[in-house]
Each structure stands twice: as structure tokens, then as C-alpha cells.
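Note that the chains are named A, B and C in the order they appear, and that numbering of residues resets to 1 at the start of each chain.
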Amino acid sequence: MVKASLTGSIIGNMLLVMGLSFFLGGLKFSEQKFNRTAARSSVTTLLLAAIALVIPTVFHLVAAEVPVSQGGWTPQKEQNLSLGIAFVLIGTYIATLLFSLKTHKQLFIGGSHAEAADAADGASGHAETAHVGWSKGKSIGVLLVATIFVALMSEFLVGSVEDARQKLGLTEVFVGVIVVAIIGNAAEHSSAIFAAMKNKMDLSIGIAIGSSVQIALFVAPVLVFASYAFGKPMDLEFSIPEIAAVMLSVAIAAQIAGDGESNWLEGVQLLAVYVVLGILFFFLPEVHHVATTK
Amino acid sequence: MVKASLTGSIIGNMLLVMGLSFFLGGLKFSEQKFNRTAARSSVTTLLLAAIALVIPTVFHLVAAEVPVSQGGWTPQKEQNLSLGIAFVLIGTYIATLLFSLKTHKQLFIGGSHAEAADAADGASGHAETAHVGWSKGKSIGVLLVATIFVALMSEFLVGSVEDARQKLGLTEVFVGVIVVAIIGNAAEHSSAIFAAMKNKMDLSIGIAIGSSVQIALFVAPVLVFASYAFGKPMDLEFSIPEIAAVMLSVAIAAQIAGDGESNWLEGVQLLAVYVVLGILFFFLPEVHHVATTK
Amino acid sequence: MVKASLTGSIIGNMLLVMGLSFFLGGLKFSEQKFNRTAARSSVTTLLLAAIALVIPTVFHLVAAEVPVSQGGWTPQKEQNLSLGIAFVLIGTYIATLLFSLKTHKQLFIGGSHAEAADAADGASGHAETAHVGWSKGKSIGVLLVATIFVALMSEFLVGSVEDARQKLGLTEVFVGVIVVAIIGNAAEHSSAIFAAMKNKMDLSIGIAIGSSVQIALFVAPVLVFASYAFGKPMDLEFSIPEIAAVMLSVAIAAQIAGDGESNWLEGVQLLAVYVVLGILFFFLPEVHHVATTK
């Protein structure tokens, strides 16, 4: 259920959190502006992550058609491929941190710098501080701790929902992608929505897209590295519905966040995609691997 | 042939109508401007529709690999999934109407408001009035009537072209996607092109993309609801070439309409994609369902 | 290996050349601007090319499921489909030349016209002249000669790397997509990078994306036409990893070049996608055709 939770967190932050933020913010403000360069940059990173997560599945689909003696698919190759991709992801993540915390930090503070000072109270205060004032080292440390905490909490959640899941007849993949993701990201939800309702869109988008970026570029590769430490190598191969969900979510997020302005309809559009994906995962039987696996 | 006509109308308006408008408008005006926010909003709605139409096919491809006893694919599930998606589409459509006719109607009238008054004659007058002056109720009523009319006309067309089709050796899917769509959307074609040649790009794009939006978000779900009333439930599962055509059309429309300006080359590019898709459907044998169906 | 070289040149110019240009240029200049309309136009042309290259594979996948007696897949049909698409591509290429050399040439010279004069020396001088001063006829002539030269050079390269390839245990597709593409495009690499480091982004992007456009819209169809002259018709059907690579490259290039500004992180993002695709092709066994081919 780990991979399903990763997928769910990525699409949940992009669609549900950003959708609710744009919708509720848009009900108060006719048009909301944000820094286009920063938003596009984050979405590009997510697109890179989505590409990276598609590749192991493309590899499986193609290589599974070839006998092993001629270089066909083996679990070992899938793991090596995934390990290589994990290094690219974590490398890009470090570059992203350098960019947003050092060389181009002004983009991410933007015009809302002045207001940021007097908004240090309230639900958004914690997240805002993270973006504005923390050192790189502290940010990374907090990220690591938060990651472990989220992983533990997710496991805890999974345990406590297992009974309910079976009684309700829900599949593991639905619970992983939808239920755990909603509960596990409750903090991001409230912070991002409160920020949007205060018209602090850079902060709101930073939390929503930033959370997806962290999960795809930091949590996913760290899980791969950790899996080697525990002697049970994990690959980055996701099921076809999962990669479809991630790719389509990035596509609509790119379309919506690419012009530096938002309104309530864009929120509805993001939420509609989330509901459509929720319907898919609700009806989907338990399939954890690509179709051609035997 | 109903689904093929839906596909054909969606891609026909986006590629052929918008392509001809940009091309012929661009021959007269070196660069044409339009309201970027309105255009992006419509394209986003189309992207949402394309995502919604991809999902039933993804469901089929994955769920068909699983035995029915373990939650595998059944026609019943496909219909329920499609019904859920139809509700999301019609809900988003209502939100889109609220947005374009009520909360943000100024975006869709734009700077061309003044000229709109003295342009109430000519081919574009009818469509312009629809966007500017009609009440929500009247608009919806006209839409309903127009939809039924188009459906009847399409059926009539299909009947009258059937003989010609067999003599020419064309497949049903080619006639549905290309021929019926061209003839069935002749009114949109002329209105949108005349508007573009008068440099009224907001109106031209409103007609072209707006027609695609109406078909995907209004006609398609209404057909699903109606199919239940007639006791022959219809699902929203399209063939792989159809969803490829819709997704690729939305991708190029998003790329072209995303910056608020057009030129003749963009018209050529849209038309080129339309011709390429036409070639595909010309060579394609009669396959109405996804590849794995037995 | 011809098709693998085409794929490699398209993605190499878009990802490696543009990535290095943005990265190295971005290290010197915090933010670099370029003409958004010109860049979007080139990317749109690439998207059209990517769509055109996807279609023969979609055709194969779907038509291979149908018996030949009912209109199923035959090599003849695939060639006819490819020939039709080749005509669309070359027609669009001619339109693109008209646009960039005649009707809208000011977009491609842009604000950098003045500086262009005093920059006629150095590594970028050659390429710059091509864009600014050459007549259409001369440009086309040079293109033709350059194309034949590149083709010959690629063949020569392929011959000389064949021994090394087998000793290193690399697959043909990896060598074609990655190694030959890097060496074969060395000239574009240095010109584009030097231009970016002089903050001449319009020129740099013109070389990088322009080279991809030339290969996809000019070299690929010319190879198809030439193959008929030699009596060994070639189709435009690429393997699934190849079309995935091209589509995903265009997607990230569209996202990055769509806003008319670049920074070093965008370079890193393009390079990261290139490395991820390199890892895929490194692990991929020799598969030249789509999965369902028997």
C-alpha cells in the first residue's frame, strides 16, 4: 500500500488541496494572482517526476515481451532502473532546494513578503516560516523528520482503517490512493486553504504543489534507498491507473497554474478531475502491477 | 456511430473549425489577440473532459485482466463508472455556465463589447447574441433544442450517407468521426470563421472551443442519462484511437490557445493535426471497442 | 538504426542541447528572456510532429487485432499511412519556413537584431547568419546538403562505434538514441550553448528546437520519400519507448519554453529528463517494433 499512498499524496495535493484552495479562495476574490515563474517551475518539477515514474512501467511493458536470455525483464533490472531514477529524482530535488532557498528565493517570497511578516500567526504561520526564514539545513532536517512521521502515521492509519475497509468492501488501492491521502495530508489541506482565503496564493500553491514535489522527488527515492538498507529492494514501478492518474493530474495542474492567475472555476475543474479519479479507483479491482505481468 | 460522432464533433471543432479560423483570420491580420483567461479556461474544461473520457477505457484495460469473481470487468461496472463520470461532467458544465454567464461574464465579452453592438448583423450575429444577451434559462433551452436537432440531423445524415459510404468503401468510424462531424458542424464552421476574419477572436474561439465543450460536457452525459430512460444503458468507453485523438487534440489546442494570440501558422498546425487524424481514421479497420475485449 | 537516430536527434536537441544552454546560460544570468511567441510556435510544431509519429504506432496496435480479411494491419497499409503523414509533415515544414523566413521573420530576429550585427564572429556567427541573412532558396539548399552530410556522418559513426558497442555490451537502440545523437549534434550543441552564454536566448532556442523541428518535419519525411526511390519503403512506425520519449520530451519542452523566460533550474530539469530517458534506453533490450507484432 506504500506506492498507492505515494500516488494518492501526489494527486491529492495537486487536485484536492489546490482545488479546494482555488475554489474557496475564488469565492472570496474574483481573480487571484500568483508568481507565474515559481508556479511553473514547481509544475515542471512535477512533470519531471511524472515522467520518471512512467519510465519503469514503460520498461516493464516492453521488456516483458523479450525472453530473459535476450535481455528481457527481470526484477533485478527493474530495481537497477528504479535506483538510477531515484538518484536523478533526489539530485533534482537538491537542485530545486538550491533554487528556491538560495539562488531564486525572491520568486517564492514574491510580492507577499511584506504581508508575510504580519501574517505569522494563524494556521498558515508554520508553513510560511518554512518557506521564508528557515536555513537549508533546518529545512532538510524538518523534512526528514516529517517524512518519517508521515510514513509512520500512514502505517498507523492503514492499520486502523483496515477493519473499516473490509466492512465497507473498499479495495486497498482505493483506501491507499484516496482515503489515506486525504487524512494523511490534513495539515497541508488546512494551511493551503487558509492561505488562499487570505489571498496569499504564492503560499497556498507553494504548500499544495510543494507537498506533491516533496513526495515525488524526496519521499519516493528515499523509500527506494531505505528499501535497500532493509534488504527488500523496492522498485518505482506503478500500476497503469496510478501513472495515468499522476500524468493527467500534472497535465491539468500545468494548464491551470501556468498563467499565474486563478478563479473559482479552476478550483472546480481540479476537484472534478479528483472526483473522476476517485470513481476510477473505487471501481478498480486490486491490481498492483502492470497488465502484462504473469 | 453515436460515439464516433461525439469524438468527431469534439476534435472537428477544436482542430478544423479553430484551425480554419486562425488560418483565414491570420491571412488578413498578422497577429490576432484574444482573452487568454477565457481561452485557457475553456481548454482546461476540455482537458477535464478528455481525462473523463480516458478513464472508462483505462478501467476496461486494467479490469479486463482480472476474473469477475475477484472484481474484474463487467458491463454493469462500466456503466456505473460511466454514470458517475457523466454526473461529474454535467456538474462541471453547470459550473462553467455559471462562470461564463454570471460570475465572470466580462471575460467572455472582453474588449470586443463595443464592437459587438454594431456587429449584430451578418453570420456571426446569432452566435454573438447567445454569448452576450441571452439569459441562462434561454441559453440552456436553446442548447437542449439544438442538441436534439443536431442528433436528429446526424441520424438523418448517417442514413443518407450510408449508401455512399459502402460504395466508397469507407468505414463507419471514418464517416462518424470525419464526414458527419464536418457536415454536422457546418453552422459553427461558418460563424467562427467569419468572426475570425472580422478579427473578433474571442467570439471565434468561443464558438469553436465552446462547441467542443458543449458536446463533451453536455451532450455526452445527456446521452448517457437518456440511454437509461430508454432502457439501453450506454457507457462512455471510447476506442483507443478515439481517446488518442481527443487527448492529442486537447494538447495542441492548449499549446496554441494558451498565450492569448494567434497567427496563420497556428491555423496550419491545427489543420495538420486534423489531417493526420483523418488519415488514421481512414486506414483504421472497424474497431469499436478497446483492444483487449474478447 | 535510422529511426533510433531520428528519435535521438529530436530528444537530444530538445533536452540535452536546450538543457545545457539553459543551465550554463542560467549560471551567468539569473533570468534569461526570449521571444515567447517564436518559442511556442516551434514547440507547437514539435508537438504536431510528435502526434504524427504516434499515429502509425496507434494504427499498428489497433489494426493488428483485426484479421487482414476485415481490414487488419498489413505492411502496405502502414507504409501508405506513413506516406500520407510524411506529406503532412513536409507541408507543415514548408509553412513553417514561410512563417519564420517571410511573413513573421521579425519574431525570430526579435529584439536581438541590433546585437546580432556585432556578434557575427565567434562560434554562433554561422548559425546566426543562417537565421538572419540567408534567402529561402539558400537555406533549403544548405539544409539538404547538411541533411545528407549528417546522414552519411551518422552511418560512418555507426560503423566506427559498432566494435566498441559490442565490447561494451550496449544495445543498438541505446547507441542510436543516445551516443550517435550526442556526437552527431555536436555542432548544434556548441553553437546553442555559446549563444545562451552570451544571453542570446532566441538564437540558442532557435538552434536547439529548430534542429529538432528540422529532423522531425524535414529529415524524417525525406527519408520516407527516399526509401520509395530505393525500392525499400520505410514507414514511420516507432517503438513504444521511442514515442514515449518524444512525447514526454515535447511535454516538458512546452512547459519550460512556454513562458518566454528561462533559468538554470529549467536546464537541470531538461537534463534530468534526458538522463532518465538515457537510463531507460540503457536497460531496454533490442526491441524495434511495437509489442503486439508477431
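One rule holds in what follows: contacts are C-beta pairs under 8 Å (C-beta built on N, C-alpha and C of every residue); 3 or more make two chains touch, one makes a residue touch a chain.
The shown structure was predicted, so the numbers you read here are calculated from the model rather than taken from an experiment.
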item	value
Superposing rotation of chain B relative to chain C, computed on C-alpha atoms, to nearest 5°	120
Equivalent interface positions on chain A and chain C, same or different at half	different
Distance from chain C to chain A - Cα centre to Cα centre, in angstrom	31
Multi-chain contact sites of chain C, meaning residues that touch two or more partners	258
In the complex with chain B, residue positions of chain A that touch it	30-31, 171, 239-241, 244, 248, 251-252, 255-256, 258-259, 261, 263-266, 268-269, 272-273, 275-277, 279-280, 283-287, 291
List of chain B residues in touch with chain A within their complex	36-37, 40-41, 43-45, 47-48, 51-52, 54-55, 58-59, 61-63, 65-66, 70-72, 77, 80-81, 84-85, 88-89, 91-92, 95-96, 99, 103-104, 254, 258
